[in-house]
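Just below sit the structures, each encoded as structure tokens.
Two complexes come next, and they have one chain in common, chain A, joined by chain B in the first and chain C in the second.
And now, the complex of A and B:
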């Protein structure tokens, strides 16, 4: 119980920093916006991968749904999506004023969330019957397939991508997306934190530890698993919508369904911070974003090698992540303190 | 005396291996019934068939006069027919109390009820039952760090937390040290007498089952060989032959 309180304190300190950060570090807005989204990616991955023990490599599907659905809705409110993409979205013929731009976002983000959650229910009902590595491999395949499908669909720009509606000039988009991301990260954290304190949280932990037992005790495990994935997808859908707008241009495999980058990173962040803990993914995302930006700035050309070394170091020396490591140390100290 | 569980002419084979052939037995309400038999005689297969782990080839299984052979595992558990596992299954990374809390019966709860917090009453009941099996001091330890025998006790406590009408135990004393066994028998009896739970027990330890059960069924080679009181079973030449390998 006191750990819950401590978690909340750390998080509120972080959120307070988040609100103030644009005034303190105005030059790092883009990196910090990305950080808040990364926290959402890591937290939602951990809900299913860490807390429930179902390692998904396909969560980028829901990001991609969010990326495309939001962009398409933003456009479709005013123009024909096919025309817009055929013209590559540019020029003076597709303009959005301030109100239109905000309306598109306000409608696009929630619809993306719902679409992503529905898709999770649909796919989940089919693949969540698989266990362990079968599920992992299957989601990996689905993530790649989603990118390929988007890359072949002319209506949304196919392989040459889709340009996100350009905001009107002088519109404070940087700040808007920063605070949207921050807000989403805070809500995701609080929601998952609450969820883990309910019986549902215990149930997904039980599924992680012994799914057959949970079933034999009367739990409808498939329904529980699908619900958990749909909750993750809901937040990923919103995050995807913001992420696409942040990138301004949607490439089907690099931005919408980035299995090789964000798809792997979200797993890495959760493991780095501590799988199966609420604070772990947050801490993991912060450490990851700092090191990533550092590598990309100072080790350019070698950044992927450096990242690879980081992964090896984490897995070998901190298999339980930062939070797991600290927890073990505290437990060891407690036992030593009792003189046992 | 009404039969709580009625197994009629149940057969189950895996490929060419006949694990259960034409087995009929019944477990009356409120009693302690034993199931014995040499290794590979089909005891666990029969348990698995009853709780819906795999479909049966033929026959019928009725629990409280309701056909359950076509129901799914969680639905059978929700009817109040619960089993423990031979290999002992607990939720290793969760604390003992958490193990108990998630074992509360789902019988009358809807899916949406999962999104509520723990009640104080639930925690109290969990503590009581952990005390009952002698694990109260370990309640905040991860279940996976307990010894094998303690895990068995925890699994038993979890089953009690579920408020079953009938509990099927698969070798409850296997792997437990002899001094703990007496305590466990005592607790099984009390669960039967005080909580009114009907027990159906697979057991290899003859001393245990002869002491515990009021009526014993004996399987051999997938078929029902004999049934009777412990004394009748003890003196049945066919049972003795089956155990000594005369077949």
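And now, the complex of A and C:
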């Protein structure tokens, strides 16, 4: 119980910092927005990977669905998507006023969340029967295949990408997306924290510990697994919609379906913080985002090499993560205290 | 789908596609054989398989640009990559051999990113080839072209595979590798230094991939990001063929090569990679359904 309360305290401190941050660090808004989205990525990955034991490299498909669905809906409310992308989104003929822009966003984000969840149900019922490494590599293939297919589809701009609709210049987009992603991160954290305390949370932990036994105890394991993946996809869909708008330009493999960057990073963030804990992914995302920005600033040109080395080092030497390390230390202290 | 009509009107094109597919299939077979070796013996899935292919390719490119015949690049790449694989095992891989498979997937994924980016820094992101100076044969009145270097690569791939099988079956080290693969603990009891065996196995895999990469660089093209498709293809072939079934590996590779070429022609070259990755998903889903009917699981 005390750990739950400590988790909440840490998180509320963070959330309070998040609300105040735009006034304290106005120059780092983009990085901070990305941080909140990364927290959502890591938390939702951990729900399926850490808590349920299904390590997915393919959660980027839900981000990608969110990215494209939101952008397409934003455009489709006013213009023809094919024409818009054929004109590369630019020019003077495709303008959005403030109200139109907000309407597009307000419709696009929920719709992409629902689309992502539906896709998770569809794909999940086919692939979630696989175990362990087969699931991991199958989802890796799914993520990259999705990127390749999007890169060949002319209607959404194919390989040359799609530009996200731009609001009028005076519109405070930076702040809007900052608070949207902060809100999303807070809601995701509270929802997943609540979910893990229900019977459903116990069921997905049972699946992680011994799936055959969980099935023998009467759990409909496939149904539970699909539901958990759909919940993760729901939040990823919204996060994807925000992420696409944040990046302003949608490249099919670098922004929408970045299987080899964000797809791996979200796993890394969860492992770095502590797999299978609620606070771990949050801590991991914060450390990771700081390290990443540090590499991008000071190791320019070599940042991706450094990031790859970081992945290897963390996975090989620090697989339990920050939270796991702290728990081990606390346990060791307790045992030492008893012995005395 | 005008390309299908074209194929029906001129079936000779199919000969072209299948012959090209068979020749690249032999190269897939080499990489897949290496993956099956590491998977079977060390129980790790090596995601940087494709990056070893890419590194071997750059050895051949580098030798060709230095004026040496790229055919010499095949043995040189094999030797250099053996050393590289051995060193990689001694520094990193030995720490993850006993962990669960996911850790090995993630760690080798990290290594693959490092290698990709290093090569991108060193050689740039451009497409490179190792010029071999061989010509092209025209058959069926010039309708079907067969590049000689691809034939050489095809033959060399089979020779390499044969040498490898002979080595595993007959030599003392090969026997130790097979013993470790059957039961590592029993092998240790009988006095085999399994750590040493693992190092050699991993180096051997890197050497196979290096030679394979040199062939790719001569007969096809390489760039820093070709790795992942090769890894995925090897994985797919091993999943279809099973561990330790050499005939099936060759059949699956040749089949994959042809299927990929035909799909690339029908759907358009931009969808060829999408086809490979989608095929992986389809193969795994179908296999899973088949096993689920018997209440078994892929483990």
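Throughout what follows, the second predicted complex is superposed on the first by the 339 of 340 C-alpha atoms of A that agree within 3 Å, B and C clash if a C-alpha of one lies under 4 Å from a C-alpha of the other, contacts with A are read in each partner's own complex, and residues count from 1 in each chain.
One rule holds for everything that comes next: contacts are C-beta pairs under 8 Å (C-beta built on N, C-alpha and C of every residue); 3 or more make two chains touch, one makes a residue touch a chain.
These figures come from a predicted structure and were not determined experimentally.
Following the overlay on chain A, a side-by-side fit with no clash is recorded for the pair chain B and chain C.
Once the two complexes are laid over each other on the shared chain, residue contacts for A:199 go to chain B alone; chain C is not touched. After superposition on the shared chain, chain A has more residues touched by C, the comparison being chain B against chain C. In the superposed pair of complexes, A:219 makes contact with chain B only, with no contact to chain C. Contacts of A:260 after superposition: chain C is touched, whereas chain B is not reached. Using the contact criterion defined above for the overlaid structures, shared-chain residue A:27 touches neither chain B nor chain C, since it reaches no partner.
When the two complexes are overlaid on their common chain A, residue A:142 makes contact with chain C while staying clear of chain B. Rounded to the nearest 10, the angle at the Cα centre of chain A between chain B and chain C in the chain-A superposition is 80°. Once chain A of one complex is fitted onto chain A of the other, the partner contacts of A:132 are limited to chain C, with no touch recorded for chain B.
Once both complexes are placed on a shared chain A, the shortest Cα to Cα gap between chain B and chain C comes to 6 Å. Those residues of chain B whose C-beta lies close enough to touch chain A in the complex are 51, 73-74, 77-78, 82-83, 85, 89-94, 98, 101-103, 105-107, 111, 113-118, 144, 158, 162.
Those residues of chain C that touch chain A in the shared complex are 45, 92, 95-96, 99-103, 105-107, 109-114, 116-118, 120-121, 228, 232, 235, 239, 268, 270-271, 273-274, 277-278, 280-281, 284-285, 288-289, 292, 297-299.
Within the complex formed with chain C, the chain A residues making contact are 55, 126-127, 129-134, 136-138, 140-142, 144-145, 148-149, 151-152, 159, 260, 264, 267-268, 271, 301-302, 304-305, 307-312, 315-317, 319.
Interface residues of chain A, counted against chain B in their complex, comprise 195, 197-200, 202-203, 205-206, 208-210, 212-221, 223-224, 227, 276.
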